[in-house]
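Beneath this line is the structure, given in structure tokens, with notes to follow.
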Amino acid sequence: MKELSQENLTAVIQARPQDSHKGTFGRSVLIGGNETYGGAIIMSAEACVKAGCGLTSVITAEKNHTALHVRLPEAMVLDWTISQAFSDLIDTADVILIGPGLGLTTHSQQILAKVLQQQQSSQWLVIDGSAITLFAQNNYSLNYPKQVVFTPHQMEWQRLSGLEIIEQTVANNQAIQKQLGATIILKSHRTEIYTASSHYRNPLGTPAMATGGMGDTLAGMITGFLAQFQDKEAALCAAVYLHSFIGEALGKEKYVVLPTEISKNLPYYMKQAEEKR
Amino acid sequence: MKELSQENLTAVIQARPQDSHKGTFGRSVLIGGNETYGGAIIMSAEACVKAGCGLTSVITAEKNHTALHVRLPEAMVLDWTISQAFSDLIDTADVILIGPGLGLTTHSQQILAKVLQQQQSSQWLVIDGSAITLFAQNNYSLNYPKQVVFTPHQMEWQRLSGLEIIEQTVANNQAIQKQLGATIILKSHRTEIYTASSHYRNPLGTPAMATGGMGDTLAGMITGFLAQFQDKEAALCAAVYLHSFIGEALGKEKYVVLPTEISKNLPYYMKQAEEKR
Amino acid sequence: MKELSQENLTAVIQARPQDSHKGTFGRSVLIGGNETYGGAIIMSAEACVKAGCGLTSVITAEKNHTALHVRLPEAMVLDWTISQAFSDLIDTADVILIGPGLGLTTHSQQILAKVLQQQQSSQWLVIDGSAITLFAQNNYSLNYPKQVVFTPHQMEWQRLSGLEIIEQTVANNQAIQKQLGATIILKSHRTEIYTASSHYRNPLGTPAMATGGMGDTLAGMITGFLAQFQDKEAALCAAVYLHSFIGEALGKEKYVVLPTEISKNLPYYMKQAEEKR
Amino acid sequence: MKELSQENLTAVIQARPQDSHKGTFGRSVLIGGNETYGGAIIMSAEACVKAGCGLTSVITAEKNHTALHVRLPEAMVLDWTISQAFSDLIDTADVILIGPGLGLTTHSQQILAKVLQQQQSSQWLVIDGSAITLFAQNNYSLNYPKQVVFTPHQMEWQRLSGLEIIEQTVANNQAIQKQLGATIILKSHRTEIYTASSHYRNPLGTPAMATGGMGDTLAGMITGFLAQFQDKEAALCAAVYLHSFIGEALGKEKYVVLPTEISKNLPYYMKQAEEKR
């Protein structure tokens, strides 16, 4: 077991190359946000853009488009009806995130099936929230498991792994990770990361962060980091650590830290990490 | 009569347990916001989330959904048509707030009747604004009066208690409180709290707070405090005191204090209370 | 001619009475904002609320409701179709503002006619923007001219008074003011106020304020001041002076001062005026 | 080749004349923002208003109106259906910007054709984003090329000029500029400006600015500067330099600089430039 630390940030967050443009820092497509949970995908998008992704597009129920544009005019938006435009947009992605606020309807399931089927060998796929539940319920399989990240909390991991929370030991989790072949980011008050070769533990995190939307924000940060940084495992470690690091820092002044405040502060804390190298 | 003080804050606002998650801090469902008073339920929701409730859902006219998502993507939202989804969502609540911007139509009345009928023995119910007027007009009764809080201003209390404002003495208020069996938070420039066993008086409050929406914000704070703190009477005292405490503090620099600014500052003042213990 | 000064602020902006509630500081109803100029009435509403009006309602095209709720949940909103609800809401007002973004269509004209006809002897009426043009075009008359304020810029004053800009001398303006019987706030880079008995000149104002929406903001401030302060002529002088005073103060750091920034800063500058007494 | 410098700012950004009004600083009409790229024209509008344009109107898909009003009530808005109102609004403009988020549909093309045909000898026209691609695809021509500015990035310049990126040398670019007769602002990490008589190079720019929407923001700044400053070539140089200057300044504290933050900071940096004279 490796404990995450400040070194995981400085290993990843480096000075950007001078001769770069928005394409240099990757294209992300985020999918989620039904009629009830629209805020979830908006929070993911804010985290992705403010984490430094070059170009961020959001596929969500049309009802959420105006709210997204108000909060984040930097993001492009497409209705989540499955269509040619939907498929075309997914094809442009370096990283796809599916799940925040996706819901559990037949339509949600069809979107997930479409994305799983369409993932290309060059693309990373992050599966979060209700997409994890749908994946488990439907016994879906992965085309490129090594390029997939699941981000379950403990109940979602129970559904995906078949392990009751009390059975979620490191050894059991590692065994299921090997079966799935994907990276697992198991969220709790001390989040763990399981990859094919390693097991990381995040020593940070504060109860001030225990509020709805924190997971959506983490999923967006992970997406933005995968889009722009080359060492993907290192990027995941950095995203998990930084999310809690900012939460703890803000939690020194605030009894509750809202997810959107984590995102707002990302550019400052990433700059500090760059300068600590 | 007990006068509220800083001790009412420090008694309640304590360091959160380390091993917690969003479920630890409660689920609230807020109901209100018609086509004209949509801002009211939005202000309640902001107060509830920023007071530290773990998960906040809002049931409101569809017209208000986009504005809610823009201001508060952390909240979930459902249309206020009475439906299976409506009932299911209410069943998940630890605390239900009904009233801010609810209006006085037949539909408003049906929603209130539904909520009163559906309240479970494990749930707290806060009845505010037009829901108080509707409750009085229809002679509704309470399933679990000990778990109900009314938050009338003086005119609403007149409707509910039958007491003219000039008759609203402590003795008369206490008598009506006993009949109702619920806690009464009687709002004025010196707000009072009547419970079965106690009578509290808030010494704070400033005319800078005399602007539309302050009551909606207080109702949201009360809901968020009931959701996360175990001693409910203490939680109510703390919410009432803190609302005015922040208002007075901001009022030192501002001639008018907007309700949404109270909410914005909640996490800072709650942290200060935690640290004063 | 009296030159406005800091004394006009301190004469009006005084410590609020302790035993007050939102009703103490007046009810305003603001009417305007068509499909193209929705921002105008939103800016007026922000100014009115932040100037300290107790309760602010906005009657505007439905298209603008969501944007208003996002920016200002403190305000109530009603569709601008002429209806019973429309008339009922106007009846509740202490001050009515009509004009910002109202437009020049037949519907705009019908709304203006309705409001002019409905004004009661206890109500103040502020006529701004396109409502001035419509008033002039239709030769409307006033029920209670002493309780009406027109806020034209020079071109609108030309339409209302029949005076070409070059003819807009103090003597000519005073003569027309006497015919109209209403107060005239003639906006320019040195705004003037004409009442039955006095002529004021504002020495302040900066070209940093020369941007669209400044007049809408001033109209909202005037409305909020009339709603809460008892000496109406003094309130008008204070509103005009403070608008420019804040603009000049912000203009020391900004090349351009947006109207919404004037409103945002109102509570601070009003507090300073209170404390300078 | 002339390298842009601080002098290009101080040459243009001067103290505004005291006796001015919003008309003094020009009228801009911005056209773009389809159902997917609505954020683009919103970002342009924010830059235009905060750069000091006197009156800013936006013609965009109706879907984007609410988001625009929320973020920028200072702007007026019109649906982008081609109509009499559309033509009338364009006629009022001192500067027209077309392109940000315009898209590549037949409707987008019709709008561009209409604007190119309608441009008057007194109006400046800025052609950005997808409007450049459409212009190239349809071999459109310009009525008043000396009053046109193209703002391509390298791929768009390839489409417009026929020059592969590797062929985009100064000599080749100058040759195509002469054919087109318009000013070319060729965006890259070191942006260049080609006019009939000069070639400028921007020494500033930071990879922190390499994120979607930066070009939309620059286009809005250019529009706002053309609207209010008399020496148009100098205005273009100042806009390009200031955009990167602010980006670099903010990039000292932030790993990523969002386009909307450039706009937010415009009034401060313009004031600094005025005072450095």
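Just so it is clear, A, B, C and D label the chains in written order, and each chain counts residues from 1 on its own.
Everything that follows uses one rule, which is that a contact is a pair of C-beta atoms (placed from the backbone, for glycine too) under 8 Å apart; a residue touches a chain by one contact, two chains touch by 3 or more.
Here the structure is a predicted model, which means the values were calculated and not measured.
Tell me the rotation angle, 0 to 180 degrees, that brings the C-alpha atoms of chain B onto chain C, to the nearest 5.
An angle of 90 degrees brings one copy onto the other.
Would you identify the chain whose Cα-based centre sits farthest away from the centre of chain B?
D
Where chain C and chain D touch, do the two copies share over half of their residue numbers, giving same, or under half, giving different?
Different-residue interface.
Per the centroid of Cα atoms for each chain, what is the distance between chain A and chain D, given in Å?
The separation of the two C-alpha centroids amounts to 34 Å.
Determine the centre-to-centre distance between chain A and chain C, using the mean Cα coordinates as centres, and give it in whole Å.
From the centre of chain A to the centre of chain C is 49 Å.
In chain C, what residues contact two or more other chains?
66, 70
Touching chain D in the complex: which residues of chain C?
Residues 36-40, 42-43, 46, 63-64, 66-67, 70-71, 153, 188-189, 207-208, 210-214, 252-260 of chain C touch chain D in their complex.
Can you name the residues of chain B that touch chain A in the complex?
These residues of chain B touch chain A: 13, 16-22, 24-25, 49-56, 65-66, 69-70, 72-78, 266-268, 270-271, 273-274.
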